[in-house]
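Both of the next two complexes hold subunit A, though its partner changes from subunit B to subunit C.
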Partner chain A sequence: MAALTTGSFLRKVSVPGSGAAGGGGARLRSIAGTRPSVQNGQLLVSAGLPALDQLLGGGLAVGTLLLIEEDKYNIYSSLIFKYFLAEGIVCGHTLLVASAKEDPGDILQELPEPLHDDNYKKVLDEGRSHKSQEEPEISMKIAWRYQNLPQMEAGPGTSSRFGHYYDVSKRMSQEVIQSAKWHKFFLPEEITSYANVESCALNHGYTKLLHFIQRVISEQGFDGSNPQKKQKNILRIGIQSLGSPLWGDDICCADTPEHMHSLTRFLYVLRGLLRMSLSACIITVPSHLIQNKAVTSRIRNLSDTVVGLESFIGSEKEANSLYKDYHGLIHIHQIPRLNSLICDVSDTKDLAFKLQRKVFTIEWVQDNYLRQERNIYPPGFSYLLKQKDSAWGEGSLQHSTFLMSFLAKTTAFASRLVRHCEPLKQTGSGGIRQTAEPGMWHDGRRQRAPGLLGIAT
Partner chain B sequence: MFPELNNLLNVSPDKPEQGKFTLLCDAKTDGGFLVHHFLSFYLKANCKVCFVALLQSFSHYNIVGQKLGVNLIAARDRGQLVFFEGLKSTVEVLFGSKEQPNTLKFIRESSSDLKSLYEFVQKALTPSGDGSATSWKFPVLLVDDLSVLLSLGVEAVAVLDFIQYCRATVCCQLKGNVVALVHDSDQTEDEENAMLMNALGHQSSLILRAEGLVTGFCKDVHGQLKILRRGLLQPKSEQTRSLIYQYKIQDKSVTFFARGLSPAVL
Partner chain C sequence: MLQILASRGDLVLLRDSVEWEGRSLLKALIREVALKGEQVQVLGCEVSEEVFREGLDSDTNSRLVYHDVFRDPQGWTGNWGPLGILRACLRGAEPGPCTLAVDSLSWLLLHAPCSALCQTLRALGHDNSHPGRVRVLGLLHEDVHGPGPLGALRSLAQIEVTVGGNLGFTTAQVFHPKPRHRSIEQTYWFSILPNFSLEFHKETLLEPRPHRGPQSPTVDAMADLTFNVHLSKKEREARDTLALPFHFSSEKQQSLLHPALASSTSQIFYEPDADDYLDQEDPDDDLDI
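Let's turn to the complex of A and B:
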């Protein structure tokens, strides 16, 4: 890991969209709380959850938009929203919090407290592989020049580590919140009177929010417009419940909404603002309320990273024995391919999350329908049943092996239906090899024509 | 430029086809690699390219282009590439001064057509009469992508009009090519997008369709590419032929193979 602090990695770091601004060849000194991606040198920030960072390919790229499709009661999506903001405070980034529902000051009061290394070890079980470890106290043989540098602390505000763990049962302390730099946008305060004319053909609330974001970016120098400014920093933007009726939008209310393009236009302009600045944005959208599926797919296409949450509260999956340890499913719908042809998409697709002992964990869970239906139907047929989310959407490779076994058993089954003259001789263990070619190779010679067309005499 | 795709399409940078409209579509996967392929292909073929990039920034295409062997900054400086960055222009239109030429004024107004965008393309690709020394082979218009225009409130008919005007100018008048990418969401109820895709499919002579695998995600095969050639002018000799290949995207290239014959399986 010492290579990350040398110049060769930092040279490859380039701010997306800064082709004209920023000066060619100027090295970007490392900003706290960021690290370059190992794949394409893209600058990454943590989303607040190390488990989610791993699934997103190392973190959230600077200049991109993370869309969280809310779960039905907005419990876990607001939790991830708060993790994102808490990570920003701990790393010393500037925050911009926008909401139409609750005052952003109240949101900041409810942020979880970061866990220090020793507390974290106490909270988790033993045997977890990704604990953070203390630096060994041996003298360094190769990197001896770094021996005398001070150790990095894990305290909030001065932390330069990537990705922290948080304790949801405790609140972040007041002095840490006060020391953070943040801007707030609370919709009822900004809109005092409704204008009759909509400028930009956008919703009035969205227009105000865009102007606010653009003002913060240009005045605070996040778009590189002030090169003499002190250390560069990241702006973390969080917008809560975008698209809900509180923003004045009706895509969640009607099947054919009147302002269908308001939110998509907003997302497009927001994307433009993000690409030209050192910022990362998280928005939560109540997609389960949007009835027009075209709007949902357009919103996904305009976002970079899309994560959907599905909680088990009140759904029929809650009674399922496989899901009894978990609180919901998490779907990674989309990961961007930035500055490269490939993206670092993880192989595991069936993921569930749980909020356990104050820590949010994401784990792989086998798709449930397969296990359940196997007890009722003959083996192999369960592949044909409509399986939500797994086989036809983001299924895993294991399902194709079921197809092979199903095909092998079907031919045996069907041929048994056709040739009803004499029963199948059970000459062995009754495995697949025996039943798939009945009556063909009894004593080394072909007895009769195989398969379905064999008519018994 | 992916050499394997050139072999599959039977073209090479030395003798590219002219006067064609190629439609790229993707369903359930990301078809952006096709855009990178055509961009580097036409730059290497010494054509004048007008690239309308609505969804990504210039540096994104530049970095990928460097992996594929073309330098977009150099191409832009010598006049071979005219790059229209939609995101940057939008921000300038909305937050900048009002005197700037607004190619994207449809963002500001609720119902507008793409006439200003077409005029931009026309000005970029029509050879100027000042007798400049460098002569390019033929002009090419690349659009990435058209579905974003639908999200911005432009009607599908207006997008079709825009493509019609561009085809008339670029393909017929200037004997160039037009390549456009459209996202296909066949399982959702996006009727405007479906109408746009069908109409463009009938106008195109070559359709490249990148789809995700039906059985779900696979690490070694990233998707399936359908190549559909439509013979427009010769009804009896060139019939509609369709080829299907599977592909895997790597860091600097894309490998294509016949269905089921992925190198990971063999």
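Let's turn to the complex of A and C:
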């Protein structure tokens, strides 16, 4: 990723006006539609949904792979796929769309239309006014600091041109689509003969797709091999329903597939191609069809960011009153740790999405301050609190006694573990006495706190 | 029922099982389509042509174009395997809206790789000579296959019809997934007459077979609680007027600003304990300030 680090460094240096002298990479302006991450300086592109960007830690890093595990009927995952492509067109990036099911030209015709700032506020308010008619706002007397917690996605004013907003009910206009630069890979057109010309290592369709991507990257200069005089740009790759039987792969059809490693090898090579070029890739995989769990976990490990969608269509969760406002759940399975040891994004979230008429919103289930503090309250309690005229509201006797007893129980459990251990043997002067906290107990065995001298137990 | 199946470019899966066979429903649908004047291509794999044509009237039979695989399942007489014949079904068809009925997708799944079959079905549905006007009706025996191939075909299909039956009536559950809670899911009760016409009945005759298992429409967590969840009006008023202890109200401010007024109400009573050690010397005496 040498190109990226030099880019982020060079951007801070003020360049004297060199005018028409423009050599190859001496002057690197920032690429449209990208911004450096505030956490680790990585170059990020938007995934098309600002709420999703926020969940992924600011955006999708350039050179990484976003894997979407499709929902059962591939309705909402194709929507996220289209958001990604639409964002690419709006930012002026080059697109590469590959599919075995639909013609990529048809996919591009169905992209949502971008919204301008003032339109978006109107659309959001429409959505919110519906909601507020159903539940009146409960003003909080004790926890008044939590009253005005911000919603999931910040408004257009604060995101400063990084993510754009789209209106799902309208299509992107033809002129904008025509002006975009894109490459297409449609499998039935590439493979015209049905003879089994499979190499033992990789599926025929996958091999062709990899060659195609490599050709586009090297010819168009996304990997720096063809030094461009003009502005550097990002290549956005979108591959739809990879691993489905339409690609000629049978990991979705059979319990013991013949070419089990086809898809994993493809992902490995693809990630290599992505890392050495200025590109970002989104792949949707119908992982609900994959019977072998080992294959699913391998696919997740080989991708950088993994987001799973679970829709409520035809499932028994549709009847559950907890989920009646939403259309499905989002699970963030994996976030990459790029150039760092940990990722900054917390992984305890209950996220649900709903597709309103115009926007796709992601929210915490029962967006309630207590739900976020789930290490204090048990899951069912916030549901009791949210009932109209609940006797369990804050400030009530029931609430405080419940709290005291619940907290007492949790700490008593932890202290019970401590009391049964051997007394500590002191070494040295005994100045530092290791105190036991509930947090030190994992798997029933006390672990040493980092940074202290080793004390034998 | 055919209005639901009216959309084109779709794969419609007819799933039957050991308990209730679906071939009669397939033939009934073919009859309905043929009565509208359309030509129907049939790929017959499981039963012979005579058995298939039996029971259908002459009008329908004249509009059926039958491609027989049953006679030669291994493809010894020609060069094409079963998938090749499937692909060739539409080649001789007249231009215009076209329906292709596959007698059984299960047979094809057992004789051809699943991925190749899916690719062929998709190519058929989007055939260039009949742009967007081909409808494929496929019969699938769901007991025969594992969840893998079933799931793959279900993801390819736009409409699923599950055939079942109860006490002499046939049921068909039609499921057409769409976004935003708008999916169409409907159960039809009918009986198939000997000439393969459909006679629909009201649903209230018998209790419907549960689709998602026994579940009440709304899960009410508030029922059967041993404690009180809701407040009465009086209780709510009392709660609202309650002064919270840590609110900095004006009374508290007054009491802090004017401690003299409050000193009479708050006093500290001290009883010296026997173990208390009261040192008469004041250690602050040593300080020289």
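FYI, the second predicted complex is superposed on the first by the 290 of 457 C-alpha atoms of A that agree within 3 Å, B and C clash if a C-alpha of one lies under 4 Å from a C-alpha of the other, contacts with A are read in each partner's own complex, and residues count from 1 in each chain.
As a convention for this text, a contact is a pair of C-beta atoms (placed from the backbone, for glycine too) under 8 Å apart; a residue touches a chain by one contact, two chains touch by 3 or more.
All values reported here derive from a predicted model rather than from experimental measurement.
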item: Partner chain(s) touched by A:275 [first = subunit B, second = subunit C, both, neither]; value: first
item: Touching partner for A:210 - first (subunit B), second (subunit C), both, neither; value: first
item: Contacts of A:307 with subunit B and subunit C, given as first, second, both or neither; value: neither
item: Partner chain(s) touched by A:265 [first = subunit B, second = subunit C, both, neither]; value: first
item: Which superposed partner A:44 touches (first subunit B, second subunit C, both, neither); value: neither
item: Touched partner set for A:101, first subunit B, second subunit C, both or neither; value: second
item: Residues of subunit A contacting subunit B in one complex and subunit C in the other; value: 390-393, 395-396
item: Residues of subunit A touching subunit B in the complex; value: 14, 16-19, 40, 198-201, 210-211, 214, 261, 264-265, 268-269, 271-273, 275-276, 292-294, 296-298, 301-302, 337-342, 345, 347, 349, 390-397, 399-400, 403
item: Complex contact set, residues of subunit C against subunit A; value: 83, 113-119, 122-123, 146-149, 151-152, 155-156, 175, 177-181, 183, 185, 212-213, 215-222, 227-231, 235-236, 239, 242, 244
item: Interfacial residue positions of subunit A with respect to subunit C in the complex; value: 72-76, 79, 100-101, 141-142, 188, 194, 244-250, 252-255, 286, 288-289, 291, 313-316, 318-322, 327, 355, 380, 383-384, 387-393, 395-396, 398
item: Complex interface listing, subunit B residues touching subunit A; value: 30, 32-33, 36, 55-60, 62-64, 67, 73, 86-88, 90-91, 94-95, 107-110, 147-148, 150-153, 183, 185, 188-193, 214-219, 249-252, 254
